[in-house]
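Two complexes are shown next, each including chain A; its partner changes from chain B in the first to chain C in the second.
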Partner chain A sequence: MVRGVPPAIRWFARVFVAATLVFVLAPLIVVAGVSVSASQFIAFPPNGLSLRWYGAIFENSAYVKAFWTSLRLAILVTLAAAVFGTAAAIAIHRRRVPGADAIAALMLSPLILPTIIFSIGLLMLWSATVGPVSFAALWLGHLVVTLPYVVRTTLAVLADSDPFLEEAARTMGARRWQRIVHVVLPQCAPGVAAGAFFAFNISFDEAIVALFLRTPDLVTLPIQIYNQIEFSPDPTVAAVSTLMMAMTVATIALIDRLFGIQRFVGT
Partner chain B sequence: MRDRLEDLALAGPGVAVLAVAFLLPLFEMLRLSVLGDDGGATARHFVRFLTDGYYLGVAWRTVHLSLLITALCVLVGFPLAYVMSRASPALRLWLIVLLILPLMTSVVVRTFGWMVVLGRGGLIPWTLWKLGLVGRNFSLMHTEAAIVVGMVQVLLPFTTLSILGVLMKIDRGLEEAARTMGASFLATLRAVVLPLAMPGILAGSILAFTLSVSSFITPSLLGGVRLPVLAASIYDAATRTLEWNFAAAQSVILLVGVLVVLVPYARLTGRRRG
Partner chain C sequence: MATLEVRQIVKSFGQAPVLRGISLDIASGQFVGLLGPSGCGKTTLLRIIAGLESVQSGAVLIDGRDVTAVAPEERDIAMMFQSYALLPHLSVRENVRFPLRMRRRGSRAAQLARATAALDTVKLAHLAERMPAQLSGGQQQRVALARAIVSDPKLLLLDEPLSNLDARLREEMQVELIDLHRRLGLTTVFVTHDQEEALSLSDRVVLINAGRIEQTGTPREIYSDPKTPFASDFIGSANLVAVDIERVPGGSVARLCAAAVLPVGETAPSGTATLVLRQEDLLLARAQSAPPPPGTLRAVVETRIYLGARVRYVLRVGEIRLKALAAPNELFEVGDALDVTVAPGRSRLIEA
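Let's look at the complex of A and B:
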């Protein structure tokens, strides 16, 4: 009979995990708390409850404009990342092109190379060749950041798929596009969808590329928050931040409900 | 042949995007970092960084804070991942979700949260003031401690999840065998689990370190202008003083620093797989 874990260590583990969770979640809870405070100063615990700061967001044209910019950007980035990323993942998975490994390494490299380095390079290159930065530059920058996620989730799903299905379709006379549309894409679907949710979340929340490529007319929601907290934080920022967190929670819940989040972490 | 063409066409757009918007910018940055005023090549921008005590101080702060942050992430992340790996599947899923939540929250929102917790009148200074330990105007903002706290919160989930990935694959029979043969719980943890978890610990540390040395928003908001890190110095040169060549040279130094850590690791794991 193997002895179990000593009781003292069990208790220590419980306290330790609880304390770590408090530490990791504290800033998020505090922001949500400040956002419902009645006080016009940032205060936690909140003095009295009020939703006035949520109302104040919609009267502030800078936030509203930044929200639409971020939403438009995130949607266009997600669409492109899903299409390009899925196609690339299929090609990488089949391993029929020479250099499939090199392509995979290239597609995943933005995950490990610091974003700040390539965003400053993109700013310099764009200014030298195209001119002043624009929405298109920001879209390209976000596409680089989000593509690896779609490639990775799609590859993860393809790795579990049955390689003989496509072969069977070929033997039975399916044309190239029929094999892709009717056999390969349905196999990819969960990975593509999960990758697209990640891509949307990342693009909507991203602040480094957006900071380097900002102009007075091109300010995303995270950059608007950054500008505000750098100099004069107020409870409106907390309300906007809380809404952004709510979107993140919804995204995580959706990914988990639809595909099981464990499939995409820890590797 | 036509199969290859089909696959090239599939990979084409993605590869093109990364070539134009990722590789070319990196080359442009390398080019600018050695470009002199006369259009020729120069090492001037690098010499400026490496001979100025101020910039060397910035580099040293970046490195030693990142080492400290990485060490804390592993010290907390390993036990956390171990507990998670031994928890019931339902509890583990909840813990994973709670760890992913801060990971997927925008960096500006997270950092703002820490500003509220650490700033004057914030949760921690207010508590310390009420306990009579500090003055009313006490604040933890604009300290190295604030940078470390803010960064560990961001990077702990990364480290924990990469260690968890390895721990989940360890055969539990090994631990039981050690226990049956008389090893205590802690001895088993040290002699069996820890060595087997090393790949995950190493991967998690490297991830934490590279993300930490290149982070900008959290250290610059929590550390303030008097405690600049390398990324903040790059940002200043690129957008405030508009010294693009100098900004590019500093980026190259950061890139080299990251590669020095990443490449041996990639070699190591590549060999193990192959």
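Let's look at the complex of A and C:
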């Protein structure tokens, strides 16, 4: 226990932490509770216990199709964000591009700019130049939104790394490609992994860009959940949401196992 | 093992000149220390030898071959960085194997065997499976050293090899570096700002100041026969006193100030000069007679610093101050009057 903290403040801190936990976790608990309800309706506390809604998801072709769309999108977005983000971070870190600082600042803009404005802009730009929106447009939109995460996390690990590693590798006979493979990329790896994790989750979960760029054939899982709750609400919505949560927790556990996620908290 | 020749190296960063024409000739198997204050250009010179910095003009020759335009990875050298630059994602053994792996020397098994042998040389074979972050600073340095010698390089370059270690480890590592050099006979160039490190490790010391070589020689020559005021001041931080040389019957004397003269032998030309007095060459005794005997300076103790094995005094002689190092057998107090003589043959004059 920290000494010298007045009891009043200590109590306030406890209440504050407890309240945060309640507000963060309560909605998740409600969703998970609703998903195991036996009732036809979205109601909490659940009315009887049943896993029927989980079964119902897989019989609903709209969900299954939306899931595959979202998964395919998230994977392709993550791959592209990882590749371009790593390259961009290395170039910015080394000041190898003109205006590296400006680019680094620009990388923050998707975090600041309202996504809805970006979505409208992308929709208008795409329609005017390319034509009807497609999977590629959605992929591009998600790439823009997720790229900054990879760049930021990778820059963070590069800033922490020994600036002489690559020079040392040169004196050890490593040529350019050997240095990239054996020195530079391993240095970036934890940052790229963390950024890719964010990218995957953001893309999988993103609703605004996906809403603007949806077509009858291009519906992601969040949009499908939204459609469902708007037009025929039933506990499948909760069941899908619970599965998405489980997936996120599983990815966090995996990344943490591989790279240790704690070092990115606060970057 | 190879010779190293550095010819008329000129280097500047932007408008700021760093090296103003440096030439060096290093024989095969020599252990050479580049010594100088920070910012003198010694690290830049080491990096130029490694190939990590370009030059404006001049040449670097390893074993007679001009490598000025050759990339560091093609120079067949090894360099130990001040930060050690161990690859954090590789184990100790893989770090040491790295130079062999990059240069594709031998089979994987042969590379691992050589890495283990190199770790044995620095007595770290038992830590081969650890990751660098799990090692202490001293152990990390040994790993870096093993990695530097594993490929049997033509040239071993060390950047401030002892500066990140505490006093105890530094002494231990000093002995080990000398021992390692004797066993392997690698041509070695290292950089240091620490005169003791330079004197204790090197066969030859190259004293650099403001981008020029001030003096080169064996540690003994550099210490006992400094050729310039900078050399005498930087090494052993000697007393430098501006003096007038005056002819007297039977020789010359140097006048330090109105009331203080020292005999300086017969050969000194008259005029002004710089008198170099090493701190440990000043012999101190309690003042006996009212006027000091001839050839003696009358001084007053201004400050006393007790160092254990030695005692440092700051003495006032007329208007000038002198530093003196003495054995602690007799301790003088602040304010004591002393007779100061110079150990026979140890005063030196440098033209001003």
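Simple rule for what comes next: the second predicted complex is superposed on the first by the 240 of 267 C-alpha atoms of A that agree within 3 Å, B and C clash if a C-alpha of one lies under 4 Å from a C-alpha of the other, contacts with A are read in each partner's own complex, and residues count from 1 in each chain.
One rule holds in what follows: a residue touches a chain if its C-beta (ideal position, glycine included) is under 8 Å from a C-beta of that chain, and two chains touch if they have at least 3 such contacts.
Keep in mind it's a predicted model, so treat the numbers as computed, not measured.
A.B. asks: Assess the superposed three-chain arrangement around chain A: do chain B and chain C clash, or do they fit?
C.D. replies: Verdict on chain A: chain B and chain C fit.
A.B. asks: Between chain B and chain C, which one contacts more residues of chain A in the superposed model?
C.D. replies: Looking at chain A, the partner in contact with more of its residues is B.
A.B. asks: Applying the document's definition of touch, where does A:Gly48 land relative to chain B and chain C: first, second, both, or neither?
C.D. replies: Touch partners of A:Gly48: none, neither chain B nor chain C.
A.B. asks: Go through the superposed model and pick first if A:Ala189 touches only chain B, second if only chain C, both, or neither.
C.D. replies: It touches chain C, and chain B stays clear.
A.B. asks: Output check: A:Leu113 vs chain B and chain C. Expected answer is one of first, second, both, neither. What do you get?
C.D. replies: Touch status of A:Leu113: first partner only.
A.B. asks: Output check: A:Pro216 vs chain B and chain C. Expected answer is one of first, second, both, neither. What do you get?
C.D. replies: Neither partner.
A.B. asks: Quick one: the Cα-centre angle at chain A between chain B and chain C, nearest 10 degrees, please.
C.D. replies: Given the fit on chain A C-alpha atoms, the answer is 100 degrees.
A.B. asks: In the superposed arrangement, does A:Pro7 touch chain B (first), chain C (second), both or neither?
C.D. replies: neither
A.B. asks: Quick check for you: in the superposed arrangement, does A:Met124 touch first (chain B), second (chain C), both or neither?
C.D. replies: The answer is first: A:Met124 touches chain B but not chain C.
A.B. asks: On the combined arrangement from the superposition, state the nearest Cα-Cα distance between chain B and chain C in Å.
C.D. replies: 13
A.B. asks: Need the overlap of the two footprints on chain A, from chain B and from chain C, as residue ranges.
C.D. replies: none
A.B. asks: State the interface residues of chain A toward chain C in the complex, per the touch definition above.
C.D. replies: Contacts found on chain A: 161-162, 164-165, 167-175, 178, 182-183, 186-187, 189.
A.B. asks: Could you pull out which chain C residues touch chain A in their complex?
C.D. replies: Within the complex, chain C touches chain A at residues 50-52, 71-79, 81, 83, 85, 87-89, 98-99, 102-103, 147, 151, 157.
A.B. asks: List the residues on chain B that touch chain A in their complex, please.
C.D. replies: Touching chain A: residues 2-4, 6-8, 10-15, 17-29, 32, 76, 79-80, 83, 93, 95-102, 104-117, 119, 121-123, 153, 156-157, 161-162, 164-165, 168, 176, 179-180, 185-186, 207, 210-211, 213-214, 216-217, 221, 231, 234-235, 238-239, 244, 247-248, 251, 254-255, 258, 262 of chain B.
A.B. asks: For the complex, which residues does chain A have touching chain B?
C.D. replies: Answer in residue numbers: 2-3, 5-6, 9, 13, 16-17, 20-21, 23-28, 30-31, 34, 42-44, 80, 83-85, 87-88, 90-92, 94, 96-98, 103, 106-107, 109-110, 112-125, 128, 140-141, 143-144, 147, 151, 176, 201, 204-208, 211-212, 222-223, 225-226, 229-230, 233, 237-238, 241, 244-245, 248-249, 251-252, 256, 261-262, 265-267.
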